[in-house]
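Read from first to last, the chains carry the letters A, B and C; within each, the first residue is number 1.
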Amino acid sequence: MSIWEYANPVKFMKTSDKVLPWTIGLAAVTLITGLIWGYFFVPSAENFGGSVKVIYVHVPAAMMAINIWVMMLVTSLIWLIRRHHVSALAAKAAAPIGAVMTLIALITGAVWGQPMWGTWWEWDPRLTSFLILFLFYLGYIALWASVENPDTAADLTGVLCLVGAVFALLSRYAANFWNQGLHQGATLSMDQEQHIADVYWFPLLMCMAGFVLFFVALVLIRTRTEVRARRLGALQQRERMA
Amino acid sequence: MTMLSVAGLAVSRGGLPVLENLDFTLEAGHALVLRGPNGIGKTTLLRTLAGLQPALAGTVSMPPESMAYAAHSDGLKSTLTVRENLTFWSSVYATHDIEPALDRMNLRSLEHRAALSLSAGQKRRLGLARLLVTGRPVWVLDEPTVSLDTASVALFAEAVRGHLASGGAALIATHIDLGLDEARVLDLGPFKARPPEEGGMMGAFDEAFL
Amino acid sequence: MIALLLRDLRLAVRAGGGFGLGLAFFLIVVTLVPFGVGPQGEILARIAPGILWLGALLACLLSLDRIFALDYEDGSLDLLVTAPIPLEGVVSIKALAHWITTGLPLVVAAPVFGILLHLAPEAQLWMIVALLLGTPALSVLGTFGAALTVGLKRGGLLLSLLVLPFYVPTLIFGAELVRRGAEGMNTQVPLLMLAGITAATIALVPFASAAAIRVNLR
């Protein structure tokens, strides 16, 4: 029994049908617990004020924004190498979620940044590279939408995802360098998280896990939709032939 | 000598199987004419043979660097002259002599005209002259006589005959009678992909999803 | 391969101002900027490297959709793919032809436009170096975008959306190189990064472009 068996659409539909309710339930429990814990049971930090609590949405969303592209990279590679349709469809399903996560990270970042730095937007390398990542997501989604043949679209977006991953990473380092050049290292970085006390850290971990589960549930739902759409297309095609 | 042999070939268009179980061989000095109604998959078959798209099943074997492909459109650059168009393709195929091709397709008088100003039939002749300058033995031609008048069709048949006589081979998809009486005719009708109930490949379309 | 380069250059010349159009567009951008930001020399001098780079980016973008679209429409792309030259080579040559018709004229004309924008004299040389090192990457990446969208009816806008994010690193290091050059700072890092990105792009991206073309012709 190999793991690739799950790449068969029929097998995937059967398995995901069983897994999905549990994933949704677990995601809801984790996410709600994490957020309530973070927002109501953690003391406000003196030097940050209440706005710091947006961290429980901001950090997990930012983490997912990057990891979803990595997930798309892996699934695209599986498609390009092993030609498993479900893999390509999973990449397609994940992209809009990734774009929304990036947008959430950007917006919550602005909401957090306003009281902290006195500005809604700062051309900080992190913010800038998230904006660029968002553009990469948009291009990827647009390419999926414009190509009619699903296999052609999967191939093209797969190649785009690969090259895009390299350039998104490159842009991150370029942005780092660029801003240093302007601000002499006066970056408003978020490295505080590395040192925050456990009392903030545990609910944050909980929220991160919640976001991951939430993402898995969404991707499963969306991939199932894509698989059904393909099945519908195949059935219609067969009807036309008969 | 066998120039091209096809075994158990199945081809698909847009992921949808159109032809299956194709078996044929093409010998040096022979021509094979493919016939069948529109949409049967002639163009798809030729594109597969030319290596532009992967085969669904089966094998295509031929000596390396032996095929010249000519599609529906001639691939001419309208702002370049007849001579420049041909010279370009002859240097791509490293043959470097376009004079015989100009003479044989009766293009000598048009040599310095821009392809833009040629009539449809003249363009087609230029497209066929391109085949001559490739120096390749196997010609794979998709509707080569579209927009040719009777005299030009005869000229084309003559060019094909000359090519066959010099040891070449030709695979031609066409609707009309080319006047190539010696050519074998292959009707593609019986090779149409059948539905899966009859054991055909038709079911190969996204069958994993069903 | 050289025949293909010559053919593409000849086509660019015959089709009416293959060389001129990009330059004219560049000139318009440079002319419009002072209307937008005011004629003060010190402001213009500050933003000149950025404006020149943005102008180069946009001028390059304008002609991208023609790289493969014309060959696709008249069927010569099919014939080129079946011709005995590697498709990666075809793609690279196409990028080179695009660079010669759009990138190179900008490099040559940059000092003139630099004067119009009050670019500091010591930055002029850096501007030329930066454009010379950076614009080939723009052409190669643009070819990749054009290869992805070659079969599409309304590919133009999509092409811009796909390609522009890829230009970010080149833009950042290119503009930074000129800025540092103008201020007399150490230019080694942006210089090396710019050259490195271009070299790696030229070496690797044609494989992705060729793969995209094959998929699109299937």
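Here, a residue touches a chain if its C-beta (ideal position, glycine included) is under 8 Å from a C-beta of that chain, and two chains touch if they have at least 3 such contacts.
Given the structure is predicted, the values throughout are model-derived calculations rather than measurements.
Colleague: What pattern do the touching chains form: line, ring, star, complete or other?
Modeller: Topology of the interface graph: complete, with all chain pairs in contact.
Colleague: Most central chain by CA mean?
Modeller: If one averages C-alpha positions chain by chain, the most central is C.
Colleague: Quick one: which chain's Cα centre is the longest way from chain A's?
Modeller: Result for the farthest chain: B.
Colleague: Between chain A and chain B, what's the gap in Å when you average each chain's C-alpha atoms?
Modeller: Whole-Å distance between the two chain centres: 48.
Colleague: What whole-number Å value describes the gap between the mean CA coordinates of chain A and chain C?
Modeller: Each chain reduced to its C-alpha mean, chain A and chain C end up 32 Å apart.
Colleague: How big is the gap, in whole Å, between where the Cα atoms of chain B centre and where those of chain C centre?
Modeller: 37
Colleague: Where does chain C touch two or more other chains at once, residue-wise?
Modeller: 218, in rising order.
Colleague: Can you list the chain B residues touching chain A in their complex?
Modeller: Where chain B meets chain A, its residues are 14-16, 195, 202-203, 205-210.
Colleague: What residues of chain A sit close enough to touch chain B in their complex?
Modeller: For this pair, the touching residues of chain A are 8-10, 85, 149-151, 227, 230-231, 233-235, 237-238, 241-242.
Colleague: Name, in rising order, each residue of chain B that touches chain C in their complex.
Modeller: On the chain B side, the touching residues are 47, 50-54, 65, 67-80, 84, 87-89, 91-94, 130.
Colleague: Please give the residue numbers of chain A that touch chain C in the complex, ascending.
Modeller: That would be residues 132, 135-136, 138-139, 142-143, 146-147, 152, 155-156, 159-160, 162-164, 167-168, 170-171, 173-175, 177-178, 181 of chain A.
Colleague: Using the touch rule from the top, collect the residues of chain C that touch chain B in their complex.
Modeller: 2-4, 7, 10-11, 14-15, 71, 74-85, 217-218
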